[in-house]
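Take a look at these structures.
Each of the two complexes below includes subunit A, the first together with subunit B, the second together with subunit C.
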Partner chain A sequence: MTQTTDGALAVNEAAVTTRRRFDPARLLQDQGLIVVVLIFGLVLSLLSPTFLTPTNLMNLLLQASTLGVMALGMTFVIIGAGIDLSVGGIPAIVSVLAVGLVVRGELPVWFALVVAIGVGIVVGLANGFAITKLGIAPLIATLGTLSITIGLAFAYSGGTSIVPVPDFYNLLRRANMFGIPINIIILAVLAVVTHFVLTRTTFGRSLYAVGGNRQAAEMAGIRTNRVILFTYVISAVAASIAGILFTARLASGSPQTGIGIELTVIAAVVIGGTSLFGGRGNVLGTVLGAVLITMVTNAINLLGVPTAWDRVLLGVVIVIAALLDVFRLRIHERWMSRKAS
Partner chain B sequence: MKHTAKLLTLGAVAALTLAGCAAGPADGDSNEGSGDLGDVAFLYHTLEFEFMVGIQAGTEECSAELPFSKTTILSAQANSNTQVTQFQDQLAAGAKGIVFSPNVSAELVPAVEAANDAGVPVITVDSLVADGELAGSVTFDNVGGGAVAADFIAEALKDEGKVLELTGPQGAFHAELRHQGFIDQIGTFPGVTVETRDAHFSADEALSITVDVLTDDPDYQAIFVHTDGMLRGVLSALEQLGLTPGEDVIVVGLDGTPEALDLVRDGSVAATVSADPIAMGCEAAQMMAKVLEGGEGSDVLVPATLVTTENVDDAELWGNKPLG
Partner chain C sequence: MGVVAESTPPLVHIEDVVKRFPGVVALGGVHLDLYAGEVHALIGENGAGKSSLIKVLSGYYTPDSGVVEIAGKPMHHSVASARSSGVATIHQERQLIPDLTVAENVVLPHWTPSGVWVRPGELQRRAAAALATLVSGVNLSAPARTLSPAVGQMVEIARGLAQNAQILIFDEPTTALSLAERERLFETIERLRASGLAILYVSHNLEEVHRLADRITVMRNGRTVESAPATEFTTQRMVQLMVGRDVRALPAVNEQLGETVLSARGLSRGRRVRNVSFDVRAGEIFALVGLEGSGRTEVARTIFGIDRLDSGEVWVHGRKVDLKSAASGIEAGIGLVPEERKLDGIFPILSVRENISISLLSWISRLGVLSIRKDRALARKSFTALDIRAGSTETEIGNLSGGNQQKVILARWMNRECAVLILDEPTKGIDVGAKAEIYVLIKRAAEEGAAIVLISSDLDECLPVANRFGVMRAGELAAVLERTEISKERIISIATGDHERTVA
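On to the complex of A and B.
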């Protein structure tokens, strides 16, 4: 069962199709990205003997997991026709607080975690408030909080990374279930939860409506401001979780944590087929988007491509993935109109 | 439409099958050439300024003559997270040894430990790590570099005068050691006093600090900067203040970049201290080969060389060699 909620499309489809059964061909048609990922994987496996080894594939998923968690949060925001740049700053403030409060403030780890994630949520609320109540454009509002959070992280830490981290982070870094690193499990669980929230709850359905056509949603009685505000809080929570995972990864509370990742997160979501105009998007696409982006850096590292080219290669992959999505939509529309006639 | 779906399915199946085949024989390749030393990765925190390009050049030059099966050189683009990813990728790819320059010492400890767990020897270049086991290290003699600069300045000032020291960020590995070497040595000349300011290795900050400090007190006769990249800022500041470098104030740098050597040639910079990165990159590659052959690594300090108008054209200076 793939997603059925395609915003504007869903309205047409509802008339044509009843509830779909699992259908691999249909899945492929909905997720052209799977094909891109497979083809790219094929090319990589031919170029590098290491690529398909279980160690590397596990490593790849591990690296994709933090990006994936952030991208899941961002999916909500973008479906709601918003954008959240502050995810590039939230991990930094979360990281320095989560370690600093313990190392410098001598507070218990759990308390530092609660405060750090709480601060992340406050940033999300501030974004949502600025956008819905003050009417500031999402790009500008979150650009502001991006700068503020990074600035505060540097001010609090004094610009250096805070060490040594409490044992909790070393345990988190090494934690696994049946040999699967905990980060991958966290991503999997959050992906399932996100899918459920988007497709099976009133909030999820309202979100697609708000993102697809805000005025219509308003007239239908949806409290659009509340829905939008909530998407920024979700994105902030996801970025906060990522901040904790980054902290474990680098074993330091660093003000540089996650700096510059915001555009990569947005790229993962958009590659995954979520429309920047809102109203369309799904979880599987987002996770595949994160995996594809990670595959590019993995490829570069395995093949020893001169590093200056990695941005070029990533850009090319983004454009190809987006192009494929355009084709997919076109085919989809043609198919819809044929059925209708 | 059905055709498209079928085609896509077929394509995917074909891709998976082919991928499966490719993995089979290729897996065995990791053992090829059992006599050699295996793959070695050189993970540098950045390759975006000349000093690091010099390390890369030295690495490439010497690796070519060593029995590694493959050498990979990557830049982390000054991002610790990227560098950890590169460690993980190289370990997954079965690298037998890793040489690296840490982006931030503390943040790379988990990466070094991961290599330790995998039994892969790690050697650092240019800097050290806070924790984890190293098979060896190759660093510039930063303390010696600071001391050489101090001796030159004290002699030029005839043991009397005021010096402005513009440092790298407080707590940064290179900045701390250069400062320590400089201050300790200058302390042996009681007539020379030093004012130290943190310019974060930035030319821009060096400019504004120099203007501010010398406007407040024009009595400074020498300026020492922790890295040659800051020289441009100091020279612009002196120009702004209407002071002539070399006459009113002597300027001394550290690194020995090609640009700094040109500035020494035209007389605007009195001296720089050369820290041979080409030798560092080479030394690290050779040490890794030795470790992989079963030998012991060590902690090597690459010595500092004073560069003045007298020896600025010496072909042995790294700043006079073509890079890459």
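On to the complex of A and C.
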């Protein structure tokens, strides 16, 4: 307890610790998901001999990468205590524009890419504007843009896939560095950049503050609206990039691209330990969340379970991960109170 | 009217009730007897324990020790059983559900006398019966949000009557009312008394207490200090009892004042801030005092820029400040330590280090990239300068004591060397030892040349440290007093609007 003898401030001579002391509870809280992923991997490798082959692992990562890119963007939004459903529509509009403008409009590939991603950014700005300036709840605002983007994608494409894709996409599909597919490289680079932005920039620090206590952030002089608007733009850019990657993988500009993926993206972020209440979250968790979700799909394939069960198993994994999160917090709290007493 | 014979047993009997919270004794031995057919006024300064006592009576708090009896039976401490034993509270803030109809609000939560089915006709009849004696011409089917504060209050009283309440508690019921509405409320209360209800009237407005009370109980520091028939009190005696013993000789304050730093001119915002003007000089501590709800916090928020002004200007160091947000106030050199530390001050899940540097991010960054080294250095410097006690700079601030949390918020502004530092109830919820330290820091900031605006409800605390006093009443700056001409009695009588009567 704080006590002074004469009201004057005793100068604290002892050196002030600035490093985190080793804290098992915190370690578990931060890295608990690694354990889950490893155990699930172990079980899979026992059940299926093909799981631990390099080809399968690479394939798994390749599948996780597009989801992971979107989840990185969503991490910003959710740390800021928001939600972005429109990522389920942005890949579709990006995909049909990026291919359609070339195939039907006879524009250069790079120009089509700029326009497509530009449209994605406009959707992000619209989300941010509707939420911060107009005061519409994030869930509703982005539900609206989700529907609008999908609708526009269908309208533009006439409801059918636009084929054949320009050569650029075939090159992108096969591109690799040192034998590692470009998608995985992109995910890795973006993960590092995201980590840096979250932990080492004024924007990142402000974002945790806004998500942790918006009122206090405003009082501390942070321009909270600007911070929140920016998270939706980031998420939209991530979804646009994913739209390009999807287009390459599917080799078509399809209005079906990425439809329904928004909930999977949110699940990856939340499984990764980002709090839906805002203020908490980290990149490693998000990437692991995307990997875990992809492992479920992978398991279905390897074990020969009918694909219809995919969603059921995914749901079970989400609930288990959420439960683990609750336990983790409980253990953390118990540890804190034991330390305090 | 008149005092009921004491031979009848009291309807409510409270004896030696104690309620403690970590670091604070909210109630330290309260005695009170409330009889049927009387208006019993409960008075005391802010923080004297009136609200805590109301919460005990309405079942929100379970006392740590002591006796609470209602109609001779020990009270069961829960909200539901307080209600069923006949206690109804009319809160300062409206407790109506805005989208339910008036009728539904009256019968809330007893939609139906028994069973499951709600019959609209029966519901309306019950509501009408309860409202009939109180107010006429109210549309029972209108949503409650359409009601004026005065009529809303009547609906709340009707809710109490519909539940067969025997004991009505009024908590500062006149704050939102006009003069005419007050008079109507007083007449209603007198009628309720005549019909045999026991009424506990909580207020710090002594005029109202004079007008209504049969009996008065005075609280101070969580205890009842006097309980007697109203005829035995003069206003002066009430003030003396509320305040306690005379104020001791004041220690020296900083006399070396510089030039005017902060100049507030004609600040106005809605009904809570009305044409407030004052100047504060470098090194000066200007105390802004007044009752809760008198507009002190609102004045602070408009100067800081978090709330927009309807009209008026804020000048700092001779330059007009363009106030658009807290960020613009901070840029102009204004810092605010908010009253609600948990809501407006701290980021509970961030570390102490992150909480310190959050208002200083531009200082520890280049092109938006943070220097973790500078961040750590800033935290270390603040720990030493303000004697912040925490396991490390990386501890989550939510785990710190209130006093240390407050030092962290002070560190934000003291590191910036703000020209103007506004502190809203800086020692609220802080234990005694840390309070003294906070005041040492405030005085240090003044000595270093800041203009300080200190908002406090605790006159004992701010009297010794402030150079001048602005007394707020109903959104206006009712008086500015020099240090030489103040006394607690004078401040309270101005703040309660009683001074026309008491000032000799």
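Quick note on the criterion: the second predicted complex is superposed on the first by the 309 of 341 C-alpha atoms of A that agree within 3 Å, B and C clash if a C-alpha of one lies under 4 Å from a C-alpha of the other, contacts with A are read in each partner's own complex, and residues count from 1 in each chain.
Operating definition for what follows: contacts are C-beta pairs under 8 Å (C-beta built on N, C-alpha and C of every residue); 3 or more make two chains touch, one makes a residue touch a chain.
Nothing here was measured: the structure is a model prediction, and the numbers come from that model.
Of the two partner chains, subunit B is the only one that A:Leu302 touches; subunit C does not reach it. Touch criterion met: A:Ser45 reaches subunit B, while subunit C stays clear of it.
In the superposed pair of complexes, A:Val35 makes contact with subunit B only, with no contact to subunit C.
Within the superposed three-chain arrangement, the count of touched residues of subunit A is higher for B, of the candidates subunit B and subunit C. With both structures placed on the common chain, the touch criterion links A:Gly179 to neither subunit B nor subunit C.
When the two complexes are overlaid on their common chain A, residue A:Thr55 makes contact with subunit B while staying clear of subunit C. Legend: residue contacts after superposition of the two complexes on their common chain; A:Gly135 is shown touching neither subunit B nor subunit C. Look at A:Arg249: by the touch rule set out above, it reaches subunit B but stays clear of subunit C.
Under the contact criterion defined above, no residue of subunit A touches both subunit B in one complex and subunit C in the other. Taken together, the subunit A residues at the contact with subunit C in this complex read 1-4, 7-12, 16-21, 200-203, 205-206, 208-209, 212-213, 215-223, 279-280, 336, 340. Of all residues in subunit A, only 24-26, 28-29, 32, 34-35, 38-39, 41-42, 45-46, 48-50, 52-53, 55-56, 59, 62-63, 159-161, 163, 173, 246, 249-252, 254, 256-260, 297-298, 300-302, 304, 307-308, 331, 334-335, 338 touch subunit B in the complex they form.
Across the interface of their complex, subunit A is touched by residues 1-2, 4-6, 8-9, 11-12, 15-16, 18-19, 22-23, 26-27, 29-30, 47, 70, 72-75, 77, 79-82, 84-86, 88-94, 104, 106-110, 130, 169, 171 of subunit B.
Contact residues on subunit C toward subunit A in their complex (touch as defined above): 304, 306, 325-327, 329-331, 336, 338, 343-350, 353-354, 357-359, 361-362, 365, 368-370, 372, 376, 379-380, 383-384, 386-389, 391-394, 399, 401, 403-404, 412, 431, 433-434, 436-437, 439-441.
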